[in-house]
Amino acid sequence: MTIWHKLERIDRRILFVLVALSVIWASIRPMGLPLSVSPYTQMVFDQVEKLPKDAIVIMSPSYSPGSEAELLPQTQGVAVHAMRKGAKMLWVSLTADAPMYARKVMGLLAAEFKYEYGKDYIILPYKANEEASVSALGHDIRAMYKEDVDGKVLDQLPLWSRVKTIKDVSLVLDFDTGTTMLTYIRLLGAPHGVPISGGGTGVQVPTRAPYIQGGQLQGMLGGLRGAAEYEKLINVPGRALAGMDAQSLTHAVVIIFIILGNLGGWMIGKSQKGGRR
Amino acid sequence: MFRKEIPLTITFVSGVILVFAWLLKVPVLKQASAELVRWNVVVSAFAAGLGGANLLRIHYKRVNTRKETWVYSLILLVALVCFVTLGISTGLNGKTYRYVWTNLLTPLSATTFSLNAFWISSAAYRAFRIKTGEAAALAVAAVLVMLGRVGIGEIIYAKMPAIADWIIAVPNTAGMRGVTIGGALGAVSVCFRVVLGLERSHFGGLGE
Amino acid sequence: MLEAGKLFAVLFLGAFVIAYWVSSAQYKKTNKVPFRPLAAVEAIDEAIGRATEMGKTVHFTCGRGTFDGQTFAGLDVLRYVARQTALRDTTLIVTNHRAQVHPVTEEIVRSAHLEVGKADTYKPDNVRFISEEQQAYVQGVYGIFEREGVVANIMIGWFFAEALQLAEVAHWVGAVQIAGTTDPAQVPFLAVACDYSLIGEEIYAAGTYLNPDHMKVGTLMAQDVCKYIVAIVSVVGSVLITFGNKSVLDLLKR
């Protein structure tokens, strides 16, 4: 077996080890690589930036623990920005894990921004079936929710008295790994004119691009990079910025292997043609 | 008797109400549609219980008959019962429940999800072989987008992120629109068949 | 009477219904399926044949949907696969990600065995609900791939990230793979990781190829007609609006 055959068929375990090592190396030795801000991230930033004081926003963390590494930094970054603008938050739970993430984020940030539960933010309970829940949000949000996630009567919370219909919400910020963002666009954005924005995994950015270009979605944070860009914009370096070096090295390893695989294949093809001649 | 007629009738009536409520300005239809949507929430919640009951049945049978890998079924049953009991007794806000969720479920999910990094690496190495023009376009676009999304790409060429953004915003979006429209039309045709009772594959043998 | 912005939808649905009637009547007359062949659909028989010869297992999954269009497309293909594996006495394992879909897949596989007169070979344990939790489902299926000698993996339906995970592990164990989905985010992963893929609405055509009848052929033809309408409206509308004419846009908003 020649070197070219070996390159064309590298044992994938070598690739796995190098990918793992690149992540570990970048975590130990951060490189501080440059990071520009993409237009879609800037759009999300601008939406939050133009919120008037005391605006009501819906925060909707629609992800599960598997995607927490990418989406929790996004949620935190946007929450920090919204709280700097004095926005009031309704945390809507379309997945079973959502209340946990709402508590996690507010647990980290509420004290810093002196946010009081019931006055500045409310965590709403989980409702199964996102289609039905979002539709009900649009039709009659007060009929949909009577109690908060802890069973407290919502009518006793000062912030809830400001929420009469969905039109009282200035912006919906959804962080999803599935279809909740599209459901919000279809059932809140289109019929009720509520601006929709937020974030998702990196692979979702291409699928959401048509909606952004059509004006139905006001930008989107894409994966860990989107979170890192947002941390840069709000000047709060966190996990996402720290993780970008690992992502860079890993991509470099994969690209090198792709080149080596093609080089091996090309050289084998060339030598076979030469042999036939 | 009526094992397929009743579900077909329910499907037809519900489907017609929902479609016409969306199309027409008829208040009674809109109310009926909203009510059906609310019932759907309840039915979906029961379906989650159905899944749990199913798991209990299957794995209990495995443990009982000592099928191979019955030990894993036993672990599953114990974990299922413990977690459900914990959730019901302490509620989703309970300290122990949240501790288990944060320190067991979250790291387990994140770990297995992170295997994707290895799988995509090996899939990319395997699949991006330039043997035809289309394969070349695929590989080149993939490499440019990969470089454009990370800092190393910006060091190689400052405009790399802009190139990646253009690939995503223009040719990729065009393709995505086509796939999305096609998929949506397919969903329309399936819904048309299901609502009118023409599609019966979900009945299995009863549908014949 | 009509809601604002829904006139085009009504006209579109009307066109769909007319196209369906005409096409299904045409199929009843000629009995010919007027579509180009799909390599992935033809590979399904080869994959089942491979499993039969090797005495190993076929794995099937409809993904994470609960009776959306893609799940129905998957169930349609499952009917065919279940029938073929029952006929050839090949082991078929169906894994379900959703509890609601589980009884339906059970019924489909059971009925397939009954249809071919092999009720005694039906094993209810081979239709398995794994978990609603994504990663738990993936790990469960990994175990099946490793332990149960899967040499053919068929995945038709709605998938998220589990698509790539399942495809790579199936490749690792040497299984031939046929997969399809309409989710634009997962189509590239399946196209890259699987031997044969059905892109987008080809999954709806797959069921029609395998279990043709006038109703499916009719709706598939109607889909094609509607695609032409969408394409014409898009092109004409884009050209007109470039020159400042908003008539198509106004029609869509009416």
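Should a chain be cited, it is by its letter among A, B and C, assigned in written order, with residues numbered from 1 in that chain.
FYI, a residue touches a chain if its C-beta (ideal position, glycine included) is under 8 Å from a C-beta of that chain, and two chains touch if they have at least 3 such contacts.
Bear in mind the structure is a predicted one, so any value in this text is a computation, not a measurement.
The central chain here, found by comparing per-chain C-alpha centres with the mean of all protein C-alpha atoms, is B.
The pair with more inter-chain C-beta contacts, choosing from B-C and A-C, is B-C. If you average the Cα atoms of chain B and of chain C, the two centres end up 14 Å apart. Mean C-alpha positions place chain A and chain C at a centre distance of 29 Å. Among the residues of chain C, those touching two or more other chains are numbered 133-135, 161, 183-184.
Annotation for chain A: residues touching 2 or more other chains are 64, 66, 206-207. In chain B, the residues touching two or more other chains are 48, 108-109, 112-113, 120, 122, 124, 126, 128, 176, 180.
Residue ranges on chain B touching chain C, taken from their complex, read 22-26, 47-48, 50-52, 54-55, 58, 61, 69, 72, 108-109, 112-113, 115-116, 119-120, 122-124, 126-128, 175-176, 178-183, 185-194, 198-199, 201-206, 208.
Across the complex, chain B is touched by residues 1-3, 6, 9-10, 16-17, 20, 66-70, 72-73, 75-76, 79, 98-100, 102, 104, 106-108, 110-112, 114-115, 125, 128-129, 131-135, 138-139, 143, 147, 161, 164-165, 167-169, 171, 182-184, 187, 189, 192-193, 199-201, 203-204, 207, 215-216, 219-220, 222-223, 226-227, 230 of chain C.
Residues of chain C touching chain A in their complex: 133-135, 160-161, 183-185. For chain A in complex with chain C, the touching residues are 64, 66, 177-178, 201, 203-204, 206-207.
Touching chain A in their complex are the following residues of chain B: 34, 37-38, 40-41, 44-45, 48, 92-93, 98, 101-102, 105-110, 112-114, 117-118, 120-122, 124-126, 128-131, 139, 142-143, 146-147, 149-155, 161, 165, 168-169, 172-173, 176-177, 180.
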